[in-house]
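Read through the structures below before going on.
Look at the two complexes coming up: chain A is in both, with chain B in one and chain C in the other.
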Partner chain A sequence: MTTLLLIEQILNGLQFGVMLFLMAAGLTLIFGVMGLINLAHGSLYMVGAFAAAAVAEATGSFLLALIASLIAAAAAGAIIELVVIRRLYDRDHLDQVLATFALILIFSEGTRWLFGSFPLFLDIPDALAGPVILPGGIQYPAYRLLIIAIGLLIAFGLFQLIARTRIGIQIRAGESDREMIAALGVDISRLYTIVFALGAALAGLAGALVGAIQSVQVGMGEPVLILAFVVIVIGGIGSIKGALVGALLVGLTDTLGGVLLPGFFGTFMEPSAATAVGSSLASMSIYILMAGVLLFKPTGLYGGA
Partner chain B sequence: MSREAMINTVLFLMLPVTAVSALLLDEPFIITLTTKVAILALAGVGLNIALGLGGLVSLGHAAFFGIGGYAMGILAYHAQTFTPLMEAPFLIEGTKSMPVIWLVAVLAGALAALAIGALSLRTSGVYFIMITLAFGQMLYYFAISWPAYGGEDGLSVYVRNGFPGLNTLDPIQFFALSFVILAMALLFAGRLAAAPFGLALSAARQNAERVETVGLSPYRLRLLAFVISGAITALAGALFADLNRFVSPTMLSWHMSGEIMIFVILGGVGRLFGPVAGAALFILLEHVLGGLSDFWHVYLGILLLLVVLFARGGMIGSLAGRQVAHD
Partner chain C sequence: MQFKSLILAAGLAALASAGVADGHGGTVKVGMITTLSGGGAGLGIDVRDGFMLAAKMAGNDNLEVVIEDDQRKPEIAVQLADKMIQSEKVDVMTGIIWSNLAMAVVPAATAQGKFYISPNAGPSALAGKGCHPLYFNVAWQNDNLHEAAGAYATDAGHKNTFILAPNYPAGQDALTGFKRMYGGELAGEIYTKLGQTDYAAEIAQIRASGADSVFFFLPGGMGISFLKQYAGSGVDLPVVGPAFSFDQGILQAVGDAALGVKNTSQWNKDLDNPTNKAFVEAFQAEYGRLPSLYASQGFDAANLLLSAMAKADVKDADAFRAALAAADFDSVRGDFKFGTNQHPVQDFYVREVIKEGDVFTNKIISASLTDHVDAYASECSY
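What follows is the complex of A and B.
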């Protein structure tokens, strides 16, 4: 394996990682502030991707498509928060799991109803379609670089939002003591809706950005949702920093495992067996990573208590 | 006889009555549907031991269901191709005998539950939900990427496995077999809930600290419950695969975990016969709504949402009143 290929795969891993971060950040915020486990987060990812594909189809503008994904996912998030989720805050986790699982069924089948079962395609804008040449002569798709940049920018923005703004203070206060900040006059139900919509918007944006590389189809959010769970279990639930570190770890492990493991087994096994063992182990690698982290830190790398 | 006991009796008798009526009316498809209800209810009975009794919200029970399915698939595959499963260090051959397959399925399910439970039970609450989900998904991707047993396409078994003295290809006989196993599992689960172990487990759900203070280990109680639960669900998986004569990674997917959980919830959590009611209602809905619209999952979702938000106790809870038998 050449160094060039390795660097390319590391960039792919980073790109995957920052997308996972967008999903995991919303999940971890929603859990941290409201104590809610939201399985329907993957549906919001799907809503963003479908909104982007529909708007791109109608207007031809990728930028408008991204904006549409943010608005549609945030709106869908705000609506389900107001109608369903808000009744679940003081329920146990079982009820939350079931109700949000029910939302997945409704969203998935509803989307299939509206858009049909065939995948939609979202094209990368022409300006970003080609490769760029990085220092060292590495050719890498411009669009994927843009995703990495957007992801890191949003991570930075989110840290600033949490650390420096009024709403960020309220979010942090909500994480440590809900009743107290309600008693201090913060409109807690409005705060909850805002946090939920913010998480939804991040998921929707991730869906639209990834939708342009893969296809936009019903159920696209679920594998990502489960990976995002792995991310926040590794990072520690409620911690944005943990979500970032976990997301990059998972992104890199998944991508590099798929590339390196078959080659590694190929050094001492016959090729067909090496591919089989290597690819099966690669598909399990992130879960093994998660199990390893849990053995040493049951509450995740940055989890409290 | 309390109202719940009456409902339970009706529910329990409903299955054989439906199957026998279908036999008399010559409707083998209905018998197969009833068999499916019995088998899915068995999976629910398994989950209910962890969920209802132990309070362990496992979103990864499809792992055990699928392991049971693959235990059947792999053994039968080797028997039908006449290839040994393993030659060294000692010879293991495939088999088409149900009792052997069940034994293997139960052991494999118990072992997997021991491994997954030992890790997952180190955590609790949301972590537990996410981790069981993640481990289930790990097995799902493993099954897809492991090419030896069909990978994504799954494994077909041409002839249903045999049980001594029965013709399992006859729908009513296979139904009877599945029903007897369900009845035995219900009896076992009922006894378990009333036994010292079940009481200690319930106590650990309600107040773990007190249980610890009396000298019992909640971790060990929960782990044992998780293992029993996984073993029963694996048995259901082996039967389910035999019903379809087919096993694929779909049995391991997290939608399956969600569905098993839906059986338990629709029927009523922690109620002994909850899974029977839930599985029957699910299959009925699938059949009736699925005939009306291709998008019946929307209605299922709305119904589930309503049950969770407004009818907490599920079907049996709504019919029998608030008193919960196992609390």
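What follows is the complex of A and C.
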């Protein structure tokens, strides 16, 4: 394996990681602040992608499409929080899982009803369509670099929001003692709606960004949701920092595992068997990583006690 | 006691005469299990629409179809098959798109005496040693389109091809089929996850491999993702694939990135025969879109079944099987016949992706393999 290829694969891992971070950040905030397991987070990712595809189709502007994905997902998030989720805070996790699973089905069927079962297409703007040459002669798609940049910017913004703003203080307070901040006069239900909408918007943005390089289709959110859960378990539930570190770890492990393991087995096995063993082991690698982390840190890397 | 058996006998006689009164067939109940949701939905919907179009055009009231969605999950397909066999009491099953699902359902269904007509999946395991008298494949054996692609890659002078396919039975058949007919070297061989949507890592490997061309088999949404990412990566090696990677449902989403790509198929909408013309026209009129090869396979599956219904009663398994094996129907592919393992013996073509007005579609540019028999037929004996 050449150094160039390795660097390119590390960039791929980073790009995958920051995408997972956008999903995991919302999930971990919602779980941390409200104690709610939201299986429908993947549906919000899908809503964002579909909104972006529809707006891009109508206006031809990618920027407007991204804005639409944020607004549509935040609105969808706020609505389900007000209508459904609000009734679930006091229930146990099984009820939450059941109700949010029902939301997945409703969103999937609703989207199918509106847009049909065929995948939609969302094109990358022409200016970002080709590759760029990085120092060292690495060719890398410009759009993927942009995704990495946007992801890191949002991570930075979220840290600032949580650490330095009034709403951030309320979120942190909500994580540690719900009753107390309600007693101090903070409108807790408004806070919950805001946090939920914020998480939803991030998921929607991730959906739109990824939709442009993959395909926009019903059910696109669920595979990502599973990975996002792995990320927050690794990072520690409720921790944004944990979500970032966990997401990058999972992204890099998944990408590099898929590339390096078949090569590793290829040194002593015949090629087709090596590919088979290597790729099956690679798809397990993130779960092995998760098990390893939990073994030493049962609450995750940055989880509370 | 005697009275009771008399009633029973009378009842049986009535049943028997009811069958005769309907002419040959009596009602045939078809259980269709196919993929109608998720990333593979486009394929199942096309098979279903093609099948139902043929049924509608035939106007045969004796054909009853039960349709269920397997969500591309083997365990759901197995549950649905049990339900269809045990409580719906279907006579014939069809519809499965994915080979891993076919492997989970077909052997059990045929073992329980149900006919199975495959409109798509053709895993090698069911074409060779695992063949069954009640199993018919109206589409192709999985290897076939890839064999045609291998033959084309050799003709086109590709010497160092990078090949990739998802890691499931049809993906393994695909790469086996390609290699069977391909004369050059392999720059690399990768199995991806079924349903994978990000191919950045694979594309980086293609770039680093020094290949002169790429062969890939990625049906449904996987193909859209791969082609879009491939176009954005700056790797501009020629691409060859089976029709699945460039079918009508995928092309609109891929757009310009697919223009000019060569792919291999047993069918195309410009095949010149009256059945095909009527099919393409009727499909567009009914559904408002161009048919894909999956739709053509669904259409042929229904017409095969209808032809057998006209000749024999499904309750008489031997006669019905002989009627199916005769394949006495007008296929959209022109001439159609089954080989000894009840898989098609047929021609394959090379197509090119073109743009007709605003619509991306395929055009046949040459023949690839003629009267091609799959590689497993000789291993099959009933």
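Everything that follows uses one rule, which is that the second predicted complex is superposed on the first by the 305 of 305 C-alpha atoms of A that agree within 3 Å, B and C clash if a C-alpha of one lies under 4 Å from a C-alpha of the other, contacts with A are read in each partner's own complex, and residues count from 1 in each chain.
Methods note: a residue touches a chain if its C-beta (ideal position, glycine included) is under 8 Å from a C-beta of that chain, and two chains touch if they have at least 3 such contacts.
This is a predicted model, so every value here is computed, not measured.
Peer 1: Kindly say whether there is room for both chain B and chain C on chain A in the superposition, answering fit or clash.
Peer 2: Result for chain B and chain C: clash.
Peer 1: Scan A:Val259 for contacts with chain B and chain C and give back first, second, both or neither.
Peer 2: second
Peer 1: Give one of first, second, both or neither to describe whether A:Pro298 is in contact with chain B, with chain C, with both, or with none.
Peer 2: In the superposition, A:Pro298 contacts chain B only.
Peer 1: Taking the superposition on A as described, I'd like to know which of chain B and chain C A:Val218 touches: first, second, both or neither.
Peer 2: Once the two structures are laid over each other on A, A:Val218 reaches chain C alone.
Peer 1: Give one of first, second, both or neither to describe whether A:Ala149 is in contact with chain B, with chain C, with both, or with none.
Peer 2: It touches nothing on chain B or chain C.
Peer 1: Just to be sure I read the superposition right, which of the two partners does A:Gln9 touch: chain B = first, chain C = second, or both, or neither?
Peer 2: In the superposition, A:Gln9 contacts chain C only.
Peer 1: Scan A:Arg112 for contacts with chain B and chain C and give back first, second, both or neither.
Peer 2: both
Peer 1: With the two structures laid over each other on chain A, which partner does A:Leu63 touch: chain B (first), chain C (second), both, or neither?
Peer 2: In the superposition, A:Leu63 contacts neither chain B nor chain C.
Peer 1: So, A:Ser283: does it touch chain B (first), chain C (second), both, or neither?
Peer 2: both
Peer 1: Considering only the listed stretches 63-71, 135-143 or 153-161 of chain B, which one runs into chain C in the superposition?
Peer 2: Between chain B and chain C, the clashing stretch is 153-161.
Peer 1: Go through chain A and flag every residue that touches chain B in one model and chain C in the other.
Peer 2: The answer is residues 108, 112, 276, 279-280, 283 of chain A.
Peer 1: In their complex, what parts of chain C are in touch with chain A?
Peer 2: Against chain A, the touching part of chain C is residues 36-39, 41-42, 45, 167, 175, 189-193, 195, 197-198, 200-201, 204-205, 207-208, 221, 224-225, 228-229, 231-234, 249, 252-255.
Peer 1: Residue numbers of chain A touching chain C in their complex, please.
Peer 2: 1-2, 4-5, 8-9, 12, 15-16, 108, 112, 117-121, 123-124, 129-131, 139, 141-144, 210, 213-215, 217-220, 223, 255, 258-259, 262, 271-272, 275-276, 279-280, 283
Peer 1: Considering only the defined contacts, which chain B positions touch chain A in the complex?
Peer 2: Touching chain A: residues 51, 57, 59, 119, 122-123, 125-127, 129-131, 133-135, 137-138, 141-142, 144-148, 254, 258, 261-262, 265, 269, 295-298, 300-302, 304-305, 308-309, 312 of chain B.
Peer 1: Using the touch definition up top, name the residues of chain A that touch chain B in the complex.
Peer 2: Residue positions touching the partner: 31, 37, 84, 87, 93-95, 97-99, 101-106, 108-110, 112-113, 222, 226, 229-230, 232-233, 237, 276, 279-280, 282-284, 287, 290-291, 294-295, 298-300.
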